[in-house]
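In the two complexes below, subunit A is the common chain; its partner is subunit B in one and subunit C in the other.
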Partner chain A sequence: MLGKKVLITDDTAFMRMTLKNVLEKNGYEVAAEAEDGVQAVEKYEELKPDLVTMDITMPNMDGITAIKKIMEKDPQAKIVVVSAMGQKALVIEALNSGAKDFIVKPFQPDRIVEALQKVGG
Partner chain B sequence: MEEYRDLFLAEAQEYLQNMTNCLLELEKDPSDNDQLTEMFRAAHSLKGMAGTMGYELITELTHDLENMLDHLRSGEITVGTDLVNLLFEAEDMIRFLVDNLESQEEYQGDVKALQDKLKNWEQFSPEKAAEAAQAGQVSATETEAAEDKAEPAAKEAQPDGSSVPKAEDIKISDLLNEFEKETLKEGMFKGENIYYIHVKLREDSLLKSVRAYMVVKAVEAQGELIKAIPSVQDLEDENFQDEFTLLLMGNPEAKELQSTIESISEIDQAHITLLDVDEELELQRDEEVEAAAAQPEQKEQRAPVEEKKEQVGKEALAAKAKDEKGDEKASPAAKKSRAASSLNRSGDKTVRVETAKLDNLVNLVGELVINRTRVVELGKKTEDEALEVSLEQLERISTDLQGAVMTLRMVPIKQVFDRFPRMVRDLSVEKGKDVNLSISGEETELDRTIVNQIGDPLVHLLRNSVDHGIENEEVRRKNGKDPAGKISLEAHHEGSHVVVSVEDDGAGIEPEKMKEKSIDKGIISREEADTLTDDEAVKLIFRSGFSTADQVTDVSGRGVGMDVVKTSIESLNGTVEVRSEVGKGSKFILRLPLTLAIIRTLMVGSAEEIYAIPIEAISENLFVEPEELRTIQGERVITLRDEVLPIYCLEESLGMGTFQEKEVYPVVVVQAGEKKAGLVVDELMGQQEIVIKSLSNFIKDIVGVAGATVLGDGRVTLILDVASLLEDGRV
Partner chain C sequence: MDEHQIDSNRLDVLKELANIGLGNAVTSLSQMLGEEKVDMAVPVANTVPLQDVPDFLGGGEVPVAGIYIQSSGDVRLTILFVLSMDSATNLVSSLMPGVDGELDEMAVSALIEVGNILTASYLNAISMMTNLQLMPSPPEIAVDMAGAIITTIMAEAHMIDDEIVLMKTTLNTVDSEVEGNVLILPDYGELEKIFGLLGIS
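This part shows the complex of A and B:
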């Protein structure tokens, strides 16, 4: 079985790389990387990935807006928020906007995998 | 009957106050029979009044109280701290019922529990000293619970002597209040299941509150959440370790529920039990009926005698209530209808809404109001009469809507005040002073965020009054004062503000002593001290690093000074004032805005932009001639009433431009804490009420900017944060 396709969204290259390494090691296929909400929405439409990781604080378009836009287009989208510490209110907003789960940076590799597995089956 | 209500209320308050006084006296001198007689009389009169008015709960409760006092008078039992605490509890409850006549039925469970305790007077007899000591602990903890009376409905009913064996390990009846029980019963009639869900999060998971939120949200999608332990609020505030429990009513499969919860990550365990609540609640009910009909069974061999006496003594009213309960027991249909009607009754009066939803509503209405102003302005340009008329209508309706929405967020200040009588009593006992606290205006409403935040400052002020304000009894006697000190806590509306004051008839604040202290602590110099007026000297109490307590006591003087009170009130856009007269007392006056969502501002123009400055931060506006402007060490200043006032150019401070020469400079004098400065602007544009919009996270922490608002013409305007501007030294 082919690995699930994941879209990574984060404005820092470092975090994208870290996520990519963890995901690829665990049998996921990283379909694309997005640097902000605008790219995330575009790439989601273009590639229809199985799963999305979403940072919240990003330039151009923040993660919450991106989640809303993606959910609008595809209510089945499976988005996991990857947030910084202390963003309680934002995480709740993201969940209310349609995100399925969240993890907190700095994360342990198995946590993101667990979250993606639970969300994406 | 209604016309007698006010009279009843006034008199009831009087009797209750008498009871408080008597209790305080009794506690000091247990042999004081006069006080006991007085208290007995007060309870008796209250019972009679309440009976006439048809307030059954109060009647029954005062009846039991009266009985207890009778035993006390006959010497069968003796006064002790536990007993006084119980009497206080009873008095608090009566007071509460009097204050909440409309909804008193809702607190039946609480009253019942208390009545059981009162009926169990024998535990206070000298022979039962050993047991009394034990029971005392229970009574003490429950007194604490009663203290938190802001939400008695949420207080878990703890019927005494519920020794009925239960099939389940989980005694949900202990966890629920009356209302929740009714809801469960109602659900059971509809054939719903009750699930007890215990969730344990992974120890190392982060943002546990959000995890809990996800679980709550997930289970709420499958049924009705009856109860969360700890409460949803505590879960939200992360006041829990790794575990929490939810009671859910609904019909999902347990398996389905389990998998829903387990699909959330970082959950260590989720344990779901289907409860057989039916049986338990039935037992509970039977027990209640029995308790109402007679003494609790645990009364042992003396019970029969006691029961007889009790039966004879019972009022006709109580007997009637009993009959009603008996009927219900006999007929399930009647029971059902009662459950339903009780639900309806509560449902009519209140709806629980998440505060986030309320905030959102307030926000939306804010937007609506802003847009209305825009539409109205546009409409005026068209000179279409019909349009203008309907716009006026729109304006009126939306203003009403705004007002209505604002009141949704308003809660009575009572929520805070209610905990003070006990606190002051305990403090005064601890300090060996005799202090009476009188409270008025507790029905005054203000925004819940403000209510939540004024508790601590008020606690501090009250402690201060008890500790430093009110003198010792000997001193008071010597000075010809009533040996009992008086503290009054008062709240009332004043325009768009609420004024809360704490006044004591104590020693007052001595200006000279304040000066000396301030000099000792290096807060001011001797030269400065000499120039201060008495009023100014008294105000030194708000300076940081100041504490007037000669000794550090455990009441006040813990290093948290009045400056903290001032800062926290100012952070709410409020002000604190102190008035004091040596030998007569002091009064602290807090002035708070009704709401934090709308503020009054002065609009100023600067470098083609409009800024809003909160009125609270402005002390005055001036027009300054160029020749008044001087430069000292490179800083612009003016002399205002013999004081040197630094002058800054708003444009420059905000980095929007440089100082421009003008024929006359409009200056806004702003103040935050003790700092004061003049801001040069281009134009003073008048006052306006604005709806505060917080800035998004990217630009949240900009120095000098508190938020933004949208003007009638659609322009976005920044609201200046004077405190941070002054703090930053840029101004």
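This part shows the complex of A and C:
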């Protein structure tokens, strides 16, 4: 598990920093940070990270669209949604699009690590 | 504007929606602050002349930090979270220990994220109760006089009525001295959808 590379996707710098702190404390390597769906898709292709955290509400391209695009290119992608939006319809849409788990903000750090461990096998 | 009269039953419904939705939002804020106790005043719901809206934030001339989102999807709503400048810096200090005062880029980002989580928690709760799907826009922040922020929001939401329905509550954190106001501003037409779905004719 140690050293798994993670791509963090969130439009707010504060949330990227928070996620980065949690991940690095738990032995993950942050491969890159993406500020929207467009960057997430680009950086996924470029860096092929082991895991992705994905926000939903973002400018330019939302997280659901980004999940679909990444899954199209790499059906093995391991994406965990981290979003303040916990509405049932949206959770289902994200999971149907290929996300492996859905975490609603605000989150407990343990919950993030647990989800990534489960997904990352 | 007579066609926009809302009776007290309906205002009660809106008050209860605000109560439940914002109750969830307060829980989220408390979690972000490491389980600090956050109190919430009983929400009010009322029809208000447009020009009086800044009075709900202590007057149009007061400098504030306002974080707002607009929901799309089934219902258009604007949700605005307003902090005095002191409260904004206190909130940042609580979220990022060791940072004091300066509202730099990371501090502003932290405020945006608080606004994002608060408003999304409210929308999540409303969605669960009404089966409406509510998608928030990415949050925006403005540091300006309360009146200017309200004017901007009204323009962006194309609110052209003389009166609007306003739901409001005040949040207080016990230790970190943060007081914030939350305003929920739906379009009149959109309210009908909410009432319809709740079976209120």
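Operating definition for what follows: the second predicted complex is superposed on the first by the 117 of 121 C-alpha atoms of A that agree within 3 Å, B and C clash if a C-alpha of one lies under 4 Å from a C-alpha of the other, contacts with A are read in each partner's own complex, and residues count from 1 in each chain.
The rule we apply is simple: a residue touches a chain if its C-beta (ideal position, glycine included) is under 8 Å from a C-beta of that chain, and two chains touch if they have at least 3 such contacts.
Because the structure is a prediction, the values reported are computed rather than measured.
*Asks:* Touch check for A:Ile70: first (subunit B), second (subunit C), both, or neither?
*Replies:* A:Ile70: touches no partner chain.
*Asks:* Give one of first, second, both or neither to describe whether A:Phe102 is in contact with subunit B, with subunit C, with both, or with none.
*Replies:* Only subunit B; A:Phe102 stays clear of subunit C.
*Asks:* Who does A:Thr57 touch here: subunit B (first), subunit C (second), both, or neither?
*Replies:* Both subunit B and subunit C are touched by A:Thr57.
*Asks:* A:Lys118 contacts which: subunit B (first), subunit C (second), both, neither?
*Replies:* A:Lys118: touches subunit B, not subunit C.
*Asks:* Could you look at A:Lys88 and tell me whether it touches subunit B, subunit C, both or neither (first, second, both, neither)?
*Replies:* A:Lys88 sits against subunit B and subunit C alike.
*Asks:* Counting only touches as set out at the top, which of subunit B and subunit C does A:Ile79 meet: first, second, both, neither?
*Replies:* neither
*Asks:* So in the superposed three-chain picture, is A:Ala32 touching just subunit B, just subunit C, both, or none of them (first/second/both/neither)?
*Replies:* Neither partner.
*Asks:* With the two structures laid over each other on chain A, which partner does A:Met15 touch: subunit B (first), subunit C (second), both, or neither?
*Replies:* The answer is second: A:Met15 touches subunit C but not subunit B.
*Asks:* Classify the contacts of A:Leu7 with the two partner chains as first (subunit B alone), second (subunit C alone), both, or neither.
*Replies:* neither
*Asks:* Of all the subunit A residues, which ones make contact with subunit B and with subunit C?
*Replies:* 57, 83, 85, 87-88, 90, 104
*Asks:* Hey, which residues of subunit A end up touching subunit B in the complex?
*Replies:* Spelled out, the residues of subunit A in touch with subunit B are 57, 62, 83, 85, 87-88, 90-92, 95, 101-104, 111, 114-115, 118-119.
*Asks:* For the complex, which residues does subunit B have touching subunit A?
*Replies:* 206-207, 209-210, 213-214, 217, 262-266, 696-698
*Asks:* Can you list the subunit A residues touching subunit C in their complex?
*Replies:* My answer: residues 11-15, 17, 57-59, 83-90, 104-106, 108.
*Asks:* Which residues, counting only subunit C, touch subunit A once they are in their complex?
*Replies:* Listed in rising order, the residues are 28, 31-32, 95-96, 105-106, 109-110, 112-113, 116-117, 119-121, 123-124, 127-128, 133-138.
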